[in-house]
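By written order: A, B and C. Residues from 1 in each chain.
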């Protein structure tokens, strides 16, 4: 069982519907304290701007933030899609051709043992500062998580059920498609759900080191132009995108995987 | 309770003593004032003089226990100096000082290291671009962190509408230029230019210099907070004295200065660092430095840069130049000591 | 999974020597394969004439590390200490908060959404704030590691605690066990496998935090070496730093797994 799958499985349970009211209350309290501290101590924007100032700035700089957000979202979605496909495909390959496990698993683990951010300088030099480098970085970050959850899912299948199907003359592919995939889907979906937030953060971090557009680029520019309210605005938008993406994937998961 | 109070009293008295003693005598090791210098980037020969001054104990001799903190890709020197996290800063340049003042950050520039634009625009010598006029319709990459405004100002001065030039943000790598995907690239004289030169050969390159078009963009500014400038003028003077001595030594003995840098960051390439120091020397000795001494603030160049930024609407209103650029600390040091 | 109450570590002396030898053997085998892979890579690069700006030969990378080993050794130790400090504090805090949330439902419901939102924020955007608050100290990097570490640990602790068999709880209570005893003797041991799943993930995240933290202005550390290599376009230096990062990452992961095997000997995994 993969770490991330467990971690993901925990979220909906922890987020039971009764908690919503208290959750909103918690957020409101946080915002109130934040606003109070920022206004009460008259903190300069470069230390901590007031929430209201940030919200006003989001509206004011919408013309900059909206295209940047959609740029970052495009990069993340592309990388997320590619990464998920690679992860599932590799796990499927290992399941179909068990001998491939000995070759693929160590390589995947070795690549994963390097923290994703450590690849960023190399990926930027290789793929340039355009959209390609972000897609690669996001795919790198997403694929291993999905790969591990998919593998755990495929392996979870009851051996006897698989043997039974084989005895009726079903091929490996057929077992994978009809038996293993449906069983593995909840775990795959859980892995994909946790990867959402990571996908967006990795895209932003990579943008900050070099990009043509995107939330990370806006943040980088704002820091250099000493516009700290805009830094916070960009972060608010990034956080909102992450939460929306996470929510969307969770929603699809609940609609599509009805059998769990 | 009493012990705590008396301890406090001793501390206060001690602090008062240190501040009082500082200007008079070079303080003994025991009562050094702690201070930090935040650089704009990671340690390299561009900052050699400061490291030499630390290594040779020049700051200690002035009563300062100086820590040099490197910069990074996402921290702004002005911010850390304005908030008091760092005492001194070697910040981006007049551009970042303007931006900081424009946003109400209480920073004061007390000296400028690079007296002229530290970057040039490079193209292939055998390529189609022979003059700035040929930039039209070509792909030009530059940093959108100040250099883009210099590029636009240079184009305008040469009578080229910047809108006709395909200006793109620049990669971290010079490879797109080396591979011919980009027609003109921006290169600092001490860094990217060296990389391009080593990969392509200097004879294959043609450079365009902003100064040839009357555009000057002084960079690498020494800054302090308004509080420090007001309350600890002697500390600022002492820091400048020691820094100037460090740079004079670095210019006199470049090999030794690069040794000092290589000891701080051993993974650097020595040949590159030697080149960088030589280029930094040219930038720091340009302009009126021969007459006015190192770190001089050439108000003429500052005003030109301000106009450039007002035109580009990077800053909303004129900056209070008298409050932002303060040469009085430099002037209090005899000119003979400041001359390179 | 719930055998924690009966089994005790003292009852398995003869398996100890085997348990020690097996990882050593695996380690040696891993090294062998690593050498093979590096040799093949070297051959392929020479054969196809790959430009060194993209992929340098492994021998060149190893040579670069051996030429100036000090920054790599120092960087390794520095990044390791930052990671360990952040990881340890994140683990302790995560488990502590997990227990607290388990006990105080109202608090959990009040604070948990804030925790979730906090995890959607890219820390790198706050370079200046981190330096402002913590200075250029080891603590600043550890703080970022901590920030990335504590959340998964909290979630899995909570999950593990809630998964405890209620019948066992009832049984212990009927013997008059206090709430504290219940926690230390039943709930936490039962939650350990879950907690370790998160800790393994967190070990990698803690390293990421330390590396990113070093981008906010520092002199020593693997993150600094990565950045320096990138902006000087020194691909050999980047690969050298990546190799040392891999070593550190693998080591941490292996260490957490070993502690897990030792503590959670009743094995819920696989």
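The definition used in the following text is that a contact is a pair of C-beta atoms (placed from the backbone, for glycine too) under 8 Å apart; a residue touches a chain by one contact, two chains touch by 3 or more.
Since this is a predicted model, take the numbers as computed values, not measurements.
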Top chain pair, ranked by number of contacting C-beta pairs: A-C
Chain whose Cα centroid lies at the greatest distance from that of chain C: B
Chain centre separation (chain A, chain B; CA means) in Å: 39
Distance between chain centroids, defined by C-alpha means - chain A, chain C (Å): 19
Shared interface positions of chain B, touching two or more other chains: 73-76, 79, 83, 172-173, 175
Interface hub residues of chain A, defined as touching at least two other chains: 46-47, 121, 124-125, 208-209, 219, 223
Of all residues in chain C, the ones touching two or more other chains: 53, 124-125, 127-128, 132, 227, 229-230, 233
Chain A contact footprint on chain B (complex, rising order): 73-76, 78-79, 82-83, 92, 96, 99-100, 102-105, 144-146, 168-169, 171-173, 175-176, 314
Residues on chain A engaged by chain B in the complex (per definition of touch): 44-47, 121, 124-125, 128-129, 208-212, 219-221, 223-228
Partner chain B, residues of chain C touching it in the complex: 53, 64, 68, 70-71, 124-125, 127-128, 131-132, 135-136, 215-219, 224-225, 227-234, 237, 240
In the complex, chain B residues that touch chain C: 38-39, 41-43, 69-76, 79-80, 83, 85, 172-175, 191, 195, 264-269, 272
Footprint of chain A on chain C - complex, ascending: 30, 33, 53-54, 106, 108-114, 116-117, 119-122, 124-125, 127-129, 132, 152, 155-156, 158-159, 162, 194, 197-198, 200-201, 204, 207-208, 211-212, 222, 226-227, 229-230, 233, 235, 238-239, 241-242, 245-246, 249-250, 253, 269
